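Note that chain A is present in both complexes that follow, paired respectively with chain B and with chain C.
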Partner chain A sequence: MILIDVIRKDLRLHARDARFLATLLLFSASCVLILSVAFGPSFQDPAREAAATLWAALFFAGVLGLTRSLELEGESGGGDAVRLSGADPYAIFLGKTIANFLLLAGVFVFVLPIASVFFDVGDLEALPGVLGVAALTLLGYAAWGTLFAALARGLKARELLLSVLLFPSLVPLWIGAVKCTHALWSGGSIEPVGDWIKVIAVADVVGLALAAFLYEYIQEASE
Partner chain B sequence: MNETSLTPRWWNPAGRALWVTAVALVLASWWAAATFAPVEAQMGPVQKIVYVHVPSAIVTLIAFGLTFAASIAYLTTKQWRWDAIAASSCELGMVFATVVLISGPLWARSAWNTWWTWEPRLTSFLILWILYAGYHVVRSSIRSASRRTISSVLGIILFVNLPIVWKSVEWWRGSLHPRSVTMTGEMRETLLLSMAAWIVFFAAAMVSRLRLEWIREAALERA
Partner chain C sequence: MILRANGIRKRFESRWVLRDASIELQSGECVLLQGANGSGKTTLAQILATLLAPDRGVVEFDGVPALQKRQATRRAIGFASHRPLLYPGLSPLENLSFFGRLAGVDGADTRAADLLARFGLTVFARTPVERFSRGMLQRVALIRALLPSPRLLILDEPYAGLDDEGTGTLNGLLSEANGRGAAILLVAHERERPGALVGRFCRMHEGAVESSS
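Our next item is the complex of A and B:
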């Protein structure tokens, strides 16, 4: 099945590139450290500052991960091979989205305890909610990121272009994730910010739906 | 090169007529704003910025909407004319969006006592501006044949932000922008005249900008 094959291919490429993965994790931890120092030493609203720091670190690290995925695909020639196989473009897109989602989820799992410790926030009770918010947000990030990364393939200064296009597009996701994480870490209830869950879900659906129509054209352009 | 043979026979006379109408309407709208429309009681003469700000915002939405429609048409038909329309419209949309971003703070300083505030419509419009600026950066950085396809895909993806800007005052609390502008009498008539003037101005600029695209395409064909 092409979906599974693409996920396996992308994850294998990342696994072979352990040095980059280690650097990515160090980079995300450094972001948390720098922002915690900037906000500290005495935090005014630790839950809010921790939520903003966590997601800022994740979004910056995510762009590096997406860019590296593109480079690895280009170097290995795996992307061309998959395209030439005549596989359904949307299945390829979904496979790459899931692989990127797993990469981002890995970074999240690494950064979450660091942010919790540095800002002294979060408890086990809030953890399922935070993980749920993260899953929904990272799915959207992966979908939009994969779409834009495919667009930026082959362009000069693609890291910059990816940031210029991706970050503004992800603002609804980012604000939603920060608001929901803040609510969970400060009060435990997500109800007051329930509308933001809808915003994140809509962003996810729109990203996945746009790709269903457009990924074929993006692939065609990169041939 | 005889450029008149590159565009339809009616093109230049139609363009000239549109320019004459546009300039006459813009001058009439300025006259109406300065003398016909009354001075608003609370804000004074600064309120007259609305006769530039609101029409520019409307034209921005029309321009980016046209980019969206023409991008779909290009991906469907693969005719370069649609791509030319999309790119030209996006370029002019950026000009009007910049006018909105400059006239907005001038108004805000007087009405809200601040040049800038992180308010839903201001924020979403700034994001819109950054994204469409990114469209031009991406477009200008592609020299290959895929330029038109990539630009069209981007023209469709970025359109998702327009409903967000439009509905931001309803979807998010804390908006300083009114949900709808209610004007009566001379103020309403002046605003409608200004809108008509800037829409015709946009149409005239589009005709001139498209003529350049036609000439460029013909030159490329002959080269």
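Our next item is the complex of A and C:
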């Protein structure tokens, strides 16, 4: 199955690049550390500050992951060979999206306890909710990120352009994730911020649907 | 006629690299395309392989514009170029199995292992290709193009980096492909290395296929 093959290939390449993984994890941990020092030592609203810090760290670290994913396709023309294989472009997109999602999920699992400890927030009761919000948000991030990475592939200064293109479109996801995580960590119900869950879900669906129509075109046009 | 390219034009910035280049290939024939550096051979090969889109002109595969049935056309073409078109962090076996499965090759792993053995690379089958020499990389790149038993092979400088043994193995595999009716377009400087395989010679000059003999 093409989808599984692409996921396996991307994750295998990431797993073999220890320097990339170390950079990704250290960068995300450093973001949390720096922002916790900036907000602390006496936090005004630890749940809010922790949520903002967690998602800022994840969104910035995610760009590193997407950039690396972009590089992998350019190195020695592997991405061109994938195009020339005649495989279904949307299956390739979905495979890359899921691989990027799993990479981001790995970073999330690494950063979450660090943020919890530094800001002294979060309990086991809130954990399933936070994991659900993370899954929904990171899926959208991976879908939009994979789409924009394909768009930036044929351009000069593509790493810079990827960030420039990506961040504005991720604003609804970022705000939604921060609001929902804050609500869960402050001990309240997620209901008051339920609309933000809908915003995140819509962003996910729009990203995945847009790719169904545009990914092949973007892939061909970016060469 | 398996492939027909007519009036292909391609411009990079202000420079026209291809000017009304036209070429045809029949099933079972092997054509050697030669020309000076910068004459447009590689660009034409990339357009014929559907890697690049022409600015003007049409490429037809089996009488149908290649871009109309892009996926089907790509499945029928094996392409090797100056770049290896591989993932450096993967071993030859991992690369070939991956691309084989993507192209829908039945028993991709077994066929990849067979072809690696023919090119004498079995010992290195599990070593990441980023550690390979130019010649070894070229062998793996050629196997990737040959793996799906394509109906059309477009090989740009296939002999670059190959020793005599590698050249012999490649010519043997190309001869087998020819025998089962595949068309082959070789883009190369040397006339000698493909030997008797070549049935027709074409020359490119200033972006056009000038002569055919």
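Heads up, the rule we're going with is that the second predicted complex is superposed on the first by the 218 of 223 C-alpha atoms of A that agree within 3 Å, B and C clash if a C-alpha of one lies under 4 Å from a C-alpha of the other, contacts with A are read in each partner's own complex, and residues count from 1 in each chain.
Assume a residue touches a chain if its C-beta (ideal position, glycine included) is under 8 Å from a C-beta of that chain, and two chains touch if they have at least 3 such contacts.
These numbers come from a predicted model, not from an experiment.
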Simultaneous placement of chain C and chain B on chain A, clash or fit
fit
After the superposition on chain A, what is the angle at the C-alpha centre of chain A formed with the C-alpha centres of chain B and chain C, rounded to the nearest 10 degrees?
90
May I ask you to decide whether A:E220 touches chain B, chain C, both, or neither, giving the answer as first, second, both or neither?
both
Just checking: does A:L72 make contact with chain B only, chain C only, both, or neither of them? Give me first, second, both or neither.
second
Using the touch definition from the top, say if A:R83 reaches chain B (first), chain C (second), both or neither.
second
Figure out whether A:A52 sits in contact with chain B (first) or chain C (second), or with both, or with neither.
neither
Regarding the shared-chain residue A:L21, is it in contact with chain B (first), chain C (second), both, or neither?
neither
So, does A:I98 touch the first partner chain B, the second partner chain C, both, or neither?
neither
Determine the nearest approach in Å between the Cα atoms of chain B and those of chain C after overlaying the two structures.
7
Considering only the contact definition stated at the top, list the common interface residues of chain A for chain B and chain C.
220
Provide the residue numbers of chain B that touch chain A in the complex, in ascending order.
75, 123, 127, 130-131, 133-134, 137-138, 141-142, 144, 146, 149-150, 152-154, 156-157, 160-161, 164, 171
Would you mind writing out the residues of chain A in touch with chain B in their complex?
147, 151-152, 154-157, 161, 164-165, 168-169, 171-172, 195, 206, 210, 213-214, 217-218, 220-222
Going by the contact rule at the top, pick out the chain A residues touching chain C in the complex.
2, 5, 9, 12-13, 16-17, 72, 75-78, 80-88, 220, 223
Enumerate the contact residues on chain C facing chain A in the complex.
49-53, 70-75, 77, 79, 81, 83-90, 94, 98-99, 101-104, 128, 144
